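Take a look at the structure set out below.
By written order: A, B, C and D. Residues from 1 in each chain.
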Amino acid sequence: MNSSDHEDTFHFTTEVKVRLPETDAMGIVFHGNYFTFLEVGRVDYLHNLDLAEGHRPIRDFENVVVSAQLDFKSPARLHDLLRIDVCTREIGRSSFTFGFKIRHKQENRVVALGSTTHCAIDGEFQSIGVPESFRETISRYEGWKDISG
Amino acid sequence: MNSSDHEDTFHFTTEVKVRLPETDAMGIVFHGNYFTFLEVGRVDYLHNLDLAEGHRPIRDFENVVVSAQLDFKSPARLHDLLRIDVCTREIGRSSFTFGFKIRHKQENRVVALGSTTHCAIDGEFQSIGVPESFRETISRYEGWKDISG
Amino acid sequence: MNSSDHEDTFHFTTEVKVRLPETDAMGIVFHGNYFTFLEVGRVDYLHNLDLAEGHRPIRDFENVVVSAQLDFKSPARLHDLLRIDVCTREIGRSSFTFGFKIRHKQENRVVALGSTTHCAIDGEFQSIGVPESFRETISRYEGWKDISG
Amino acid sequence: MNSSDHEDTFHFTTEVKVRLPETDAMGIVFHGNYFTFLEVGRVDYLHNLDLAEGHRPIRDFENVVVSAQLDFKSPARLHDLLRIDVCTREIGRSSFTFGFKIRHKQENRVVALGSTTHCAIDGEFQSIGVPESFRETISRYEGWKDISG
(Lines give C-alpha, C1' and ligand atoms only; values in the text may rest on other atoms or scores of the structure.)
Protein backbone atom coordinates (compact mmCIF):
# COMPACT_ATOMS: atom_id res chain seq x y z
CA MET A 1 0.00 0.00 0.00
CA ASN A 2 1.45 3.36 -0.84
CA SER A 3 0.61 6.68 0.71
CA SER A 4 -1.45 7.79 -2.27
CA ASP A 5 -3.99 5.05 -1.57
CA HIS A 6 -3.98 5.64 2.15
CA GLU A 7 -5.98 8.16 4.09
CA ASP A 8 -4.12 8.91 7.29
CA THR A 9 -5.75 10.66 10.25
CA PHE A 10 -3.45 13.07 12.04
CA HIS A 11 -3.61 14.23 15.65
CA PHE A 12 -0.09 15.68 15.80
CA THR A 13 1.65 18.40 13.83
CA THR A 14 4.94 20.26 14.05
CA GLU A 15 6.65 22.89 11.93
CA VAL A 16 9.88 23.54 10.06
CA LYS A 17 11.12 26.56 8.12
CA VAL A 18 12.99 25.78 4.89
CA ARG A 19 16.71 26.58 5.20
CA LEU A 20 18.93 27.71 2.31
CA PRO A 21 21.08 24.51 2.21
CA GLU A 22 17.86 22.45 1.97
CA THR A 23 17.03 24.10 -1.36
CA ASP A 24 18.84 23.26 -4.60
CA ALA A 25 19.75 24.93 -7.89
CA MET A 26 16.22 24.30 -9.19
CA GLY A 27 15.11 26.84 -6.57
CA ILE A 28 13.09 24.31 -4.55
CA VAL A 29 13.71 21.95 -1.64
CA PHE A 30 15.78 18.93 -2.79
CA HIS A 31 13.43 15.95 -2.56
CA GLY A 32 15.78 13.93 -0.33
CA ASN A 33 15.72 16.66 2.32
CA TYR A 34 12.04 16.03 3.02
CA PHE A 35 13.15 12.84 4.78
CA THR A 36 14.93 15.11 7.24
CA PHE A 37 11.64 16.93 7.81
CA LEU A 38 9.96 13.57 8.49
CA GLU A 39 12.72 12.88 11.02
CA VAL A 40 11.96 16.19 12.75
CA GLY A 41 8.26 15.31 12.78
CA ARG A 42 8.89 11.84 14.18
CA VAL A 43 11.19 13.14 16.93
CA ASP A 44 8.67 15.78 18.00
CA TYR A 45 5.83 13.23 17.89
CA LEU A 46 7.72 10.75 20.09
CA HIS A 47 8.88 13.51 22.41
CA ASN A 48 5.28 14.67 22.83
CA LEU A 49 4.37 11.14 23.96
CA ASP A 50 7.35 11.09 26.32
CA LEU A 51 8.79 8.13 24.37
CA ALA A 52 12.06 9.91 23.49
CA GLU A 53 14.81 10.72 25.96
CA GLY A 54 17.85 12.96 25.81
CA HIS A 55 20.07 11.85 22.94
CA ARG A 56 17.96 8.78 22.10
CA PRO A 57 15.18 8.86 19.45
CA ILE A 58 13.23 6.23 21.42
CA ARG A 59 14.05 5.70 25.11
CA ASP A 60 13.46 1.98 25.48
CA PHE A 61 14.95 0.45 22.33
CA GLU A 62 16.92 1.14 19.19
CA ASN A 63 15.29 1.24 15.78
CA VAL A 64 16.38 1.39 12.17
CA VAL A 65 14.46 2.66 9.15
CA VAL A 66 13.67 -0.24 6.80
CA SER A 67 11.53 1.64 4.29
CA ALA A 68 10.88 5.28 3.40
CA GLN A 69 8.58 6.66 0.77
CA LEU A 70 7.29 10.08 -0.30
CA ASP A 71 4.99 11.37 -3.03
CA PHE A 72 5.71 14.99 -3.89
CA LYS A 73 2.61 17.01 -4.72
CA SER A 74 3.91 20.60 -4.97
CA PRO A 75 7.23 22.38 -4.39
CA ALA A 76 8.47 24.25 -1.31
CA ARG A 77 10.91 27.14 -1.40
CA LEU A 78 13.37 29.07 0.75
CA HIS A 79 11.91 30.25 4.09
CA ASP A 80 8.56 28.50 3.51
CA LEU A 81 6.94 27.32 6.71
CA LEU A 82 5.91 23.68 6.45
CA ARG A 83 3.54 21.82 8.76
CA ILE A 84 4.52 18.21 9.32
CA ASP A 85 1.50 16.07 10.26
CA VAL A 86 2.56 12.80 11.88
CA CYS A 87 0.67 9.67 12.87
CA THR A 88 1.45 6.06 13.61
CA ARG A 89 -0.25 3.89 10.99
CA GLU A 90 0.38 0.52 12.50
CA ILE A 91 2.57 -1.42 14.90
CA GLY A 92 3.46 -4.97 13.96
CA ARG A 93 5.39 -7.56 15.93
CA SER A 94 8.81 -6.03 15.35
CA SER A 95 8.13 -3.09 13.04
CA PHE A 96 6.00 0.04 13.01
CA THR A 97 5.00 2.57 10.38
CA PHE A 98 4.54 6.33 10.61
CA GLY A 99 2.43 8.30 8.13
CA PHE A 100 3.19 11.91 7.19
CA LYS A 101 1.58 14.81 5.42
CA ILE A 102 3.63 17.93 4.71
CA ARG A 103 1.61 21.07 4.06
CA HIS A 104 2.61 24.57 2.99
CA LYS A 105 1.51 26.61 5.99
CA GLN A 106 0.69 29.92 4.31
CA GLU A 107 -0.89 28.50 1.15
CA ASN A 108 -2.48 25.45 2.81
CA ARG A 109 -1.56 23.10 -0.04
CA VAL A 110 -0.19 19.57 0.28
CA VAL A 111 3.55 19.42 -0.44
CA ALA A 112 4.21 15.74 0.21
CA LEU A 113 2.65 12.54 1.53
CA GLY A 114 4.55 9.52 2.72
CA SER A 115 5.60 7.02 5.31
CA THR A 116 8.57 5.46 7.05
CA THR A 117 8.70 1.94 8.45
CA HIS A 118 11.05 1.13 11.31
CA CYS A 119 12.27 -2.10 12.81
CA ALA A 120 12.98 -2.49 16.53
CA ILE A 121 16.54 -3.79 16.94
CA ASP A 122 19.03 -4.76 19.60
CA GLY A 123 22.62 -3.56 19.84
CA GLU A 124 23.71 -5.97 17.09
CA PHE A 125 21.16 -4.66 14.57
CA GLN A 126 19.02 -7.80 15.11
CA SER A 127 15.24 -7.54 14.99
CA ILE A 128 13.43 -7.64 18.36
CA GLY A 129 9.77 -7.40 19.37
CA VAL A 130 8.28 -3.94 19.83
CA PRO A 131 7.98 -3.40 23.61
CA GLU A 132 4.39 -3.42 24.91
CA SER A 133 4.70 -0.06 26.66
CA PHE A 134 5.56 1.61 23.35
CA ARG A 135 2.60 -0.08 21.67
CA GLU A 136 0.21 0.90 24.42
CA THR A 137 1.26 4.54 24.62
CA ILE A 138 0.80 5.00 20.88
CA SER A 139 -2.44 3.01 20.71
CA ARG A 140 -3.93 5.21 23.40
CA TYR A 141 -2.77 8.41 21.69
CA GLU A 142 -3.97 7.38 18.24
CA GLY A 143 -7.27 6.18 19.69
CA TRP A 144 -7.02 2.63 18.35
CA LYS A 145 -9.83 0.47 19.71
CA ASP A 146 -7.96 -2.79 19.70
CA ILE A 147 -4.47 -2.47 21.09
CA SER A 148 -3.54 -6.11 20.76
CA GLY A 149 -1.64 -5.11 17.59
CA MET B 1 4.24 -1.90 -7.08
CA ASN B 2 7.05 -1.40 -4.69
CA SER B 3 10.66 -2.20 -5.27
CA SER B 4 10.59 -5.34 -3.16
CA ASP B 5 8.18 -6.97 -5.61
CA HIS B 6 10.08 -5.77 -8.62
CA GLU B 7 13.06 -7.41 -10.22
CA ASP B 8 15.05 -4.74 -12.03
CA THR B 9 17.72 -5.57 -14.60
CA PHE B 10 20.73 -3.27 -14.46
CA HIS B 11 23.17 -2.42 -17.24
CA PHE B 12 24.71 0.63 -15.54
CA THR B 13 26.54 1.09 -12.28
CA THR B 14 28.47 3.87 -10.59
CA GLU B 15 30.17 4.25 -7.24
CA VAL B 16 30.20 6.49 -4.18
CA LYS B 17 32.30 6.44 -1.03
CA VAL B 18 30.45 7.22 2.21
CA ARG B 19 31.46 10.62 3.63
CA LEU B 20 31.50 11.50 7.33
CA PRO B 21 28.59 14.02 7.15
CA GLU B 22 26.46 11.34 5.44
CA THR B 23 26.68 9.16 8.56
CA ASP B 24 24.76 9.90 11.75
CA ALA B 25 25.10 9.35 15.48
CA MET B 26 23.87 5.74 15.08
CA GLY B 27 27.16 5.12 13.25
CA ILE B 28 25.51 4.41 9.89
CA VAL B 29 24.45 6.39 6.82
CA PHE B 30 21.32 8.46 7.58
CA HIS B 31 18.53 6.90 5.48
CA GLY B 32 17.61 10.18 3.78
CA ASN B 33 21.14 10.53 2.40
CA TYR B 34 20.67 7.47 0.18
CA PHE B 35 18.43 9.65 -2.00
CA THR B 36 21.54 11.73 -2.68
CA PHE B 37 23.31 8.55 -3.80
CA LEU B 38 20.39 7.82 -6.15
CA GLU B 39 20.82 11.36 -7.53
CA VAL B 40 24.50 10.64 -8.19
CA GLY B 41 23.55 7.39 -9.92
CA ARG B 42 20.91 9.07 -12.06
CA VAL B 43 23.23 11.90 -13.12
CA ASP B 44 25.99 9.46 -14.11
CA TYR B 45 23.46 7.24 -15.94
CA LEU B 46 22.07 10.17 -17.96
CA HIS B 47 25.56 11.54 -18.59
CA ASN B 48 26.65 8.15 -19.92
CA LEU B 49 23.77 8.32 -22.43
CA ASP B 50 24.75 11.89 -23.34
CA LEU B 51 21.33 13.08 -22.10
CA ALA B 52 22.77 15.51 -19.52
CA GLU B 53 24.56 18.72 -20.33
CA GLY B 54 26.69 21.09 -18.30
CA HIS B 55 24.70 22.35 -15.35
CA ARG B 56 21.45 20.68 -16.46
CA PRO B 57 20.40 17.21 -15.20
CA ILE B 58 18.63 16.54 -18.53
CA ARG B 59 19.57 18.62 -21.56
CA ASP B 60 16.24 18.88 -23.36
CA PHE B 61 13.70 19.45 -20.60
CA GLU B 62 13.23 20.08 -16.92
CA ASN B 63 11.96 17.42 -14.57
CA VAL B 64 10.78 17.18 -11.00
CA VAL B 65 10.74 14.17 -8.67
CA VAL B 66 7.13 13.16 -7.93
CA SER B 67 7.82 10.01 -5.95
CA ALA B 68 10.84 8.46 -4.21
CA GLN B 69 11.02 5.19 -2.35
CA LEU B 70 13.71 3.04 -0.76
CA ASP B 71 13.79 -0.23 1.15
CA PHE B 72 16.83 -0.52 3.39
CA LYS B 73 18.27 -4.02 3.62
CA SER B 74 21.53 -3.55 5.52
CA PRO B 75 23.54 -0.61 6.89
CA ALA B 76 26.48 1.24 5.33
CA ARG B 77 29.24 2.93 7.31
CA LEU B 78 31.95 5.58 7.03
CA HIS B 79 34.24 5.14 4.00
CA ASP B 80 32.25 2.18 2.63
CA LEU B 81 32.31 1.96 -1.14
CA LEU B 82 28.80 1.59 -2.52
CA ARG B 83 27.86 0.50 -6.05
CA ILE B 84 24.77 2.25 -7.36
CA ASP B 85 23.04 0.16 -10.05
CA VAL B 86 20.66 2.28 -12.15
CA CYS B 87 18.05 1.43 -14.76
CA THR B 88 15.03 3.05 -16.32
CA ARG B 89 11.95 0.99 -15.43
CA GLU B 90 9.44 2.68 -17.62
CA ILE B 91 8.66 5.86 -19.51
CA GLY B 92 5.03 7.00 -19.57
CA ARG B 93 3.46 9.91 -21.39
CA SER B 94 4.81 12.60 -19.09
CA SER B 95 6.62 10.66 -16.38
CA PHE B 96 9.43 8.13 -16.10
CA THR B 97 10.73 5.87 -13.37
CA PHE B 98 14.27 4.84 -12.47
CA GLY B 99 15.08 1.70 -10.48
CA PHE B 100 18.08 1.43 -8.15
CA LYS B 101 20.03 -1.17 -6.27
CA ILE B 102 22.73 -0.08 -3.82
CA ARG B 103 25.30 -2.72 -2.98
CA HIS B 104 28.17 -2.79 -0.50
CA LYS B 105 31.16 -3.17 -2.81
CA GLN B 106 33.54 -5.09 -0.56
CA GLU B 107 30.97 -7.37 1.09
CA ASN B 108 28.70 -7.70 -1.97
CA ARG B 109 25.49 -7.38 0.05
CA VAL B 110 22.40 -5.40 -0.89
CA VAL B 111 22.15 -2.17 1.09
CA ALA B 112 19.02 -0.65 -0.46
CA LEU B 113 16.49 -1.08 -3.28
CA GLY B 114 14.24 1.63 -4.60
CA SER B 115 12.94 3.91 -7.26
CA THR B 116 12.27 7.52 -8.16
CA THR B 117 9.55 8.74 -10.51
CA HIS B 118 9.99 12.02 -12.35
CA CYS B 119 7.61 14.24 -14.26
CA ALA B 120 8.70 16.21 -17.32
CA ILE B 121 7.81 19.89 -16.77
CA ASP B 122 8.05 23.26 -18.46
CA GLY B 123 9.40 26.44 -16.90
CA GLU B 124 6.16 26.96 -14.93
CA PHE B 125 6.30 23.50 -13.28
CA GLN B 126 3.52 22.29 -15.61
CA SER B 127 3.56 18.71 -16.85
CA ILE B 128 4.65 18.18 -20.47
CA GLY B 129 5.09 15.09 -22.63
CA VAL B 130 8.42 13.23 -22.43
CA PRO B 131 10.34 14.14 -25.63
CA GLU B 132 10.66 11.27 -28.12
CA SER B 133 14.44 11.56 -28.39
CA PHE B 134 14.77 10.93 -24.64
CA ARG B 135 12.45 7.93 -24.87
CA GLU B 136 14.31 6.48 -27.84
CA THR B 137 17.79 6.85 -26.39
CA ILE B 138 16.79 5.09 -23.19
CA SER B 139 14.75 2.39 -24.94
CA ARG B 140 17.74 1.52 -27.08
CA TYR B 141 20.11 1.44 -24.10
CA GLU B 142 17.78 -0.64 -21.92
CA GLY B 143 17.09 -3.00 -24.82
CA TRP B 144 13.32 -2.57 -24.78
CA LYS B 145 11.76 -4.33 -27.74
CA ASP B 146 8.82 -2.01 -28.19
CA ILE B 147 9.85 1.62 -27.96
CA SER B 148 6.38 3.05 -28.58
CA GLY B 149 6.17 3.62 -24.78
CA MET C 1 41.37 39.10 13.26
CA ASN C 2 39.81 35.81 14.18
CA SER C 3 36.88 35.22 16.44
CA SER C 4 39.02 34.02 19.32
CA ASP C 5 40.54 37.48 19.62
CA HIS C 6 37.24 39.24 19.17
CA GLU C 7 34.68 40.00 21.84
CA ASP C 8 31.29 40.32 20.17
CA THR C 9 28.30 41.87 21.91
CA PHE C 10 25.01 40.15 21.11
CA HIS C 11 21.51 41.61 21.22
CA PHE C 12 19.84 38.84 19.20
CA THR C 13 19.51 35.12 19.73
CA THR C 14 17.61 32.28 18.13
CA GLU C 15 17.47 28.53 18.67
CA VAL C 16 17.93 25.26 16.81
CA LYS C 17 17.52 21.64 17.91
CA VAL C 18 20.15 19.21 16.61
CA ARG C 19 18.68 16.81 14.03
CA LEU C 20 19.89 13.25 13.45
CA PRO C 21 21.32 13.90 9.93
CA GLU C 22 23.34 16.80 11.37
CA THR C 23 25.24 14.39 13.61
CA ASP C 24 27.93 12.04 12.32
CA ALA C 25 29.41 8.65 13.16
CA MET C 26 31.56 10.26 15.88
CA GLY C 27 28.27 10.87 17.73
CA ILE C 28 28.50 14.66 17.49
CA VAL C 29 27.38 17.39 15.10
CA PHE C 30 29.55 17.36 11.94
CA HIS C 31 31.54 20.60 12.07
CA GLY C 32 30.40 21.74 8.61
CA ASN C 33 26.76 21.66 9.71
CA TYR C 34 27.34 24.51 12.16
CA PHE C 35 27.49 26.79 9.13
CA THR C 36 23.86 25.84 8.50
CA PHE C 37 23.08 26.92 12.07
CA LEU C 38 24.79 30.27 11.36
CA GLU C 39 22.56 30.57 8.27
CA VAL C 40 19.48 30.01 10.44
CA GLY C 41 20.73 32.64 12.89
CA ARG C 42 21.41 35.16 10.14
CA VAL C 43 18.01 34.66 8.51
CA ASP C 44 16.20 35.11 11.82
CA TYR C 45 18.32 38.17 12.66
CA LEU C 46 17.56 39.85 9.31
CA HIS C 47 13.90 38.86 9.53
CA ASN C 48 13.66 40.43 12.97
CA LEU C 49 14.95 43.71 11.46
CA ASP C 50 12.46 43.38 8.59
CA LEU C 51 15.39 43.23 6.14
CA ALA C 52 14.41 39.83 4.69
CA GLU C 53 11.41 39.21 2.48
CA GLY C 54 9.63 36.05 1.36
CA HIS C 55 12.10 33.84 -0.45
CA ARG C 56 14.95 36.39 -0.37
CA PRO C 57 17.58 36.39 2.40
CA ILE C 58 17.89 40.20 2.08
CA ARG C 59 15.07 42.14 0.42
CA ASP C 60 16.99 44.91 -1.31
CA PHE C 61 20.05 43.19 -2.75
CA GLU C 62 21.76 39.87 -3.32
CA ASN C 63 24.79 38.81 -1.32
CA VAL C 64 27.36 36.05 -1.41
CA VAL C 65 29.45 34.63 1.44
CA VAL C 66 33.13 35.50 0.87
CA SER C 67 34.53 34.14 4.12
CA ALA C 68 33.31 31.81 6.88
CA GLN C 69 35.12 30.80 10.03
CA LEU C 70 34.33 28.87 13.19
CA ASP C 71 36.25 27.83 16.30
CA PHE C 72 34.76 24.77 17.96
CA LYS C 73 34.92 24.85 21.75
CA SER C 74 32.84 21.82 22.79
CA PRO C 75 30.67 19.21 21.05
CA ALA C 76 26.91 19.15 20.52
CA ARG C 77 24.84 15.99 20.25
CA LEU C 78 21.51 14.68 18.98
CA HIS C 79 18.48 16.71 20.18
CA ASP C 80 20.63 19.30 21.95
CA LEU C 81 19.08 22.75 21.96
CA LEU C 82 21.57 25.35 20.77
CA ARG C 83 21.26 29.11 21.16
CA ILE C 84 22.66 31.03 18.20
CA ASP C 85 23.71 34.55 19.20
CA VAL C 86 24.04 36.84 16.18
CA CYS C 87 25.41 40.33 15.71
CA THR C 88 26.69 42.48 12.89
CA ARG C 89 30.37 43.21 13.51
CA GLU C 90 30.93 45.76 10.81
CA ILE C 91 29.65 47.05 7.50
CA GLY C 92 32.21 48.13 4.93
CA ARG C 93 31.71 49.74 1.55
CA SER C 94 30.56 46.55 -0.20
CA SER C 95 30.90 43.87 2.45
CA PHE C 96 29.62 43.18 5.94
CA THR C 97 30.50 40.73 8.70
CA PHE C 98 28.31 38.88 11.17
CA GLY C 99 29.61 37.48 14.45
CA PHE C 100 28.18 34.35 16.08
CA LYS C 101 28.28 32.52 19.37
CA ILE C 102 26.66 29.09 19.64
CA ARG C 103 25.85 27.99 23.18
CA HIS C 104 24.52 24.72 24.57
CA LYS C 105 21.21 25.84 26.04
CA GLN C 106 20.86 23.37 28.90
CA GLU C 107 24.51 23.30 29.97
CA ASN C 108 25.22 26.95 29.15
CA ARG C 109 28.63 26.21 27.64
CA VAL C 110 30.09 27.74 24.49
CA VAL C 111 29.96 25.31 21.55
CA ALA C 112 31.38 27.51 18.79
CA LEU C 113 32.45 31.07 17.96
CA GLY C 114 32.79 32.45 14.48
CA SER C 115 31.93 34.84 11.73
CA THR C 116 30.80 35.10 8.14
CA THR C 117 31.63 37.93 5.75
CA HIS C 118 29.30 38.72 2.88
CA CYS C 119 29.68 40.81 -0.24
CA ALA C 120 26.77 42.75 -1.76
CA ILE C 121 26.43 41.76 -5.42
CA ASP C 122 24.32 42.45 -8.46
CA GLY C 123 22.70 39.83 -10.69
CA GLU C 124 26.05 39.11 -12.41
CA PHE C 125 27.85 38.35 -9.12
CA GLN C 126 29.64 41.72 -9.33
CA SER C 127 30.37 43.62 -6.13
CA ILE C 128 28.12 46.62 -5.39
CA GLY C 129 27.95 49.11 -2.53
CA VAL C 130 25.95 48.16 0.54
CA PRO C 131 22.68 50.15 0.38
CA GLU C 132 22.41 52.93 2.97
CA SER C 133 19.04 51.73 4.28
CA PHE C 134 20.56 48.35 5.21
CA ARG C 135 23.48 50.06 6.92
CA GLU C 136 21.23 52.41 8.86
CA THR C 137 18.80 49.77 10.06
CA ILE C 138 21.60 47.62 11.41
CA SER C 139 23.56 50.54 12.88
CA ARG C 140 20.50 51.58 14.82
CA TYR C 141 19.78 48.05 16.05
CA GLU C 142 23.37 47.39 17.09
CA GLY C 143 23.58 50.79 18.76
CA TRP C 144 26.61 51.96 16.80
CA LYS C 145 27.35 55.61 17.59
CA ASP C 146 28.81 56.53 14.23
CA ILE C 147 26.85 55.13 11.33
CA SER C 148 29.06 56.60 8.62
CA GLY C 149 30.60 53.09 8.26
CA MET D 1 47.10 34.06 10.16
CA ASN D 2 44.33 33.42 7.72
CA SER D 3 44.56 31.49 4.50
CA SER D 4 44.59 34.63 2.36
CA ASP D 5 47.96 35.56 3.82
CA HIS D 6 49.29 32.05 3.58
CA GLU D 7 50.90 30.44 0.57
CA ASP D 8 50.43 26.70 0.84
CA THR D 9 52.39 24.22 -1.28
CA PHE D 10 50.37 21.23 -2.40
CA HIS D 11 51.61 17.76 -3.33
CA PHE D 12 48.23 16.02 -3.16
CA THR D 13 44.96 16.58 -4.98
CA THR D 14 41.64 14.79 -5.27
CA GLU D 15 38.40 15.51 -7.06
CA VAL D 16 34.67 15.90 -6.39
CA LYS D 17 31.74 16.54 -8.70
CA VAL D 18 29.10 18.96 -7.40
CA ARG D 19 25.84 17.17 -6.54
CA LEU D 20 22.37 18.74 -6.78
CA PRO D 21 21.69 18.74 -3.00
CA GLU D 22 25.01 20.58 -2.49
CA THR D 23 23.71 23.54 -4.50
CA ASP D 24 21.15 26.00 -3.17
CA ALA D 25 18.41 28.26 -4.47
CA MET D 26 21.02 30.87 -5.46
CA GLY D 27 22.14 28.35 -8.09
CA ILE D 28 25.58 27.79 -6.53
CA VAL D 29 27.14 25.46 -3.97
CA PHE D 30 26.02 26.41 -0.44
CA HIS D 31 29.14 27.72 1.30
CA GLY D 32 28.85 25.31 4.23
CA ASN D 33 29.03 22.32 1.88
CA TYR D 34 32.62 23.16 0.94
CA PHE D 35 33.59 21.88 4.39
CA THR D 36 32.31 18.49 3.23
CA PHE D 37 34.64 18.76 0.22
CA LEU D 38 37.53 19.50 2.60
CA GLU D 39 36.55 16.36 4.51
CA VAL D 40 36.73 14.34 1.30
CA GLY D 41 40.13 15.83 0.53
CA ARG D 42 41.45 15.10 4.02
CA VAL D 43 40.22 11.50 3.97
CA ASP D 44 41.82 10.86 0.58
CA TYR D 45 45.05 12.55 1.69
CA LEU D 46 45.30 10.43 4.84
CA HIS D 47 44.32 7.29 2.96
CA ASN D 48 47.08 7.94 0.42
CA LEU D 49 49.57 8.06 3.30
CA ASP D 50 48.09 4.84 4.73
CA LEU D 51 47.15 6.75 7.90
CA ALA D 52 43.41 5.97 7.63
CA GLU D 53 41.87 2.56 8.19
CA GLY D 54 38.44 1.12 7.43
CA HIS D 55 35.81 3.17 9.19
CA ARG D 56 38.33 5.35 11.04
CA PRO D 57 39.52 8.73 9.67
CA ILE D 58 42.91 8.24 11.33
CA ARG D 59 43.96 4.74 12.35
CA ASP D 60 45.95 5.43 15.49
CA PHE D 61 43.95 8.09 17.32
CA GLU D 62 40.73 10.06 17.35
CA ASN D 63 40.63 13.71 16.41
CA VAL D 64 38.15 16.55 16.53
CA VAL D 65 38.00 19.71 14.40
CA VAL D 66 38.72 22.76 16.56
CA SER D 67 38.76 25.39 13.83
CA ALA D 68 37.62 25.60 10.21
CA GLN D 69 37.94 28.53 7.84
CA LEU D 70 37.33 29.20 4.16
CA ASP D 71 37.62 32.21 1.86
CA PHE D 72 35.35 31.92 -1.16
CA LYS D 73 36.87 33.33 -4.34
CA SER D 74 34.39 32.31 -7.05
CA PRO D 75 31.22 30.20 -7.25
CA ALA D 76 30.81 26.53 -8.24
CA ARG D 77 27.69 25.11 -9.86
CA LEU D 78 25.86 21.84 -10.44
CA HIS D 79 28.06 19.09 -11.93
CA ASP D 80 31.23 21.20 -11.79
CA LEU D 81 34.37 19.15 -11.23
CA LEU D 82 36.41 20.58 -8.37
CA ARG D 83 40.03 19.75 -7.57
CA ILE D 84 40.74 19.69 -3.84
CA ASP D 85 44.41 20.38 -3.13
CA VAL D 86 45.40 19.26 0.36
CA CYS D 87 48.52 19.76 2.46
CA THR D 88 49.47 19.59 6.10
CA ARG D 89 50.55 23.07 7.21
CA GLU D 90 51.89 22.22 10.61
CA ILE D 91 51.78 19.70 13.41
CA GLY D 92 51.94 21.02 16.95
CA ARG D 93 52.10 19.12 20.21
CA SER D 94 48.45 18.04 20.23
CA SER D 95 47.00 19.74 17.16
CA PHE D 96 47.62 19.85 13.43
CA THR D 97 46.43 22.02 10.56
CA PHE D 98 45.56 21.15 6.99
CA GLY D 99 45.57 23.70 4.17
CA PHE D 100 43.23 23.49 1.18
CA LYS D 101 42.79 25.03 -2.23
CA ILE D 102 39.65 24.24 -4.23
CA ARG D 103 39.93 24.87 -7.96
CA HIS D 104 37.37 24.70 -10.76
CA LYS D 105 38.83 21.94 -12.92
CA GLN D 106 37.62 23.02 -16.34
CA GLU D 107 38.12 26.76 -15.89
CA ASN D 108 41.20 26.49 -13.70
CA ARG D 109 40.10 29.25 -11.34
CA VAL D 110 40.38 29.27 -7.56
CA VAL D 111 37.01 28.61 -5.90
CA ALA D 112 38.06 28.58 -2.24
CA LEU D 113 41.07 28.66 0.07
CA GLY D 114 41.06 27.55 3.66
CA SER D 115 42.19 25.41 6.52
CA THR D 116 41.02 23.11 9.28
CA THR D 117 42.76 22.58 12.61
CA HIS D 118 42.32 19.33 14.47
CA CYS D 119 43.09 18.24 18.00
CA ALA D 120 44.19 14.70 18.85
CA ILE D 121 41.87 13.33 21.54
CA ASP D 122 41.27 10.23 23.60
CA GLY D 123 37.94 8.45 24.05
CA GLU D 124 36.78 11.09 26.53
CA PHE D 125 37.36 14.00 24.15
CA GLN D 126 40.49 14.97 26.12
CA SER D 127 43.49 16.39 24.28
CA ILE D 128 46.46 14.03 23.80
CA GLY D 129 49.84 14.39 22.13
CA VAL D 130 50.03 13.74 18.37
CA PRO D 131 51.66 10.31 17.95
CA GLU D 132 55.21 10.42 16.53
CA SER D 133 54.47 7.99 13.72
CA PHE D 134 51.76 10.29 12.38
CA ARG D 135 54.11 13.27 12.57
CA GLU D 136 56.92 11.42 10.85
CA THR D 137 54.83 10.05 8.00
CA ILE D 138 53.46 13.49 7.18
CA SER D 139 56.80 15.26 7.62
CA ARG D 140 58.38 12.90 5.15
CA TYR D 141 55.55 13.28 2.64
CA GLU D 142 55.46 17.07 2.87
CA GLY D 143 59.25 17.24 2.65
CA TRP D 144 59.74 19.13 5.89
CA LYS D 145 63.43 19.42 6.72
CA ASP D 146 63.10 19.41 10.46
CA ILE D 147 60.65 16.82 11.67
CA SER D 148 61.10 17.58 15.37
CA GLY D 149 57.79 19.53 15.14
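Keep this in mind: contacts are C-beta pairs under 8 Å (C-beta built on N, C-alpha and C of every residue); 3 or more make two chains touch, one makes a residue touch a chain.
What you see is a predicted model, and the numbers here were worked out from it, not measured in a lab.
S.K.: Repeat of A-D among C-D, A-C or B-C, where over half of the residue-numbered contact pairs coincide, is which pair?
M.R.: B-C
S.K.: Farthest from subunit A in C-alpha centre terms, which chain would that be?
M.R.: Using the mean of the C-alpha atoms as each chain's centre, the farthest one from subunit A is D.
S.K.: Does A-B or B-D have the larger number of C-beta pairs in contact?
M.R.: A-B
S.K.: Would you mind pulling out the distance in Å between where the CA atoms of subunit A average out and where those of subunit B do?
M.R.: Centre separation, subunit A to subunit B: 24 Å.
S.K.: Could you please state the distance in Å, as a whole number, between where the Cα atoms of subunit B are centred and where those of subunit C are centred?
M.R.: Distance between chain centres: 36 Å.
S.K.: Mind checking the centre-to-centre distance between subunit B and subunit D? Centres are C-alpha means, answer in whole Å.
M.R.: Each chain's C-alpha centroid was found; their separation is 30 Å.
S.K.: Which residues of subunit D are in contact with two or more other chains?
M.R.: Residues 20-21, 25-26, 28, 32-33, 36, 39, 55, 77-78 of subunit D each touch two or more of the other chains.
S.K.: Touching residues of subunit C toward subunit B in the complex: what are they?
M.R.: 20-21, 23-28, 30, 32-33, 77-78
S.K.: Which part of subunit B faces subunit A closely enough to touch in the complex?
M.R.: Against subunit A, the touching part of subunit B is residues 2, 25-26, 28, 31-36, 38-39, 55, 62, 64-72, 75, 116, 125.
S.K.: What residues of subunit C sit close enough to touch subunit A in their complex?
M.R.: Touching subunit A: residues 19-21, 36, 39-40, 43, 52, 54-57, 77-80 of subunit C.
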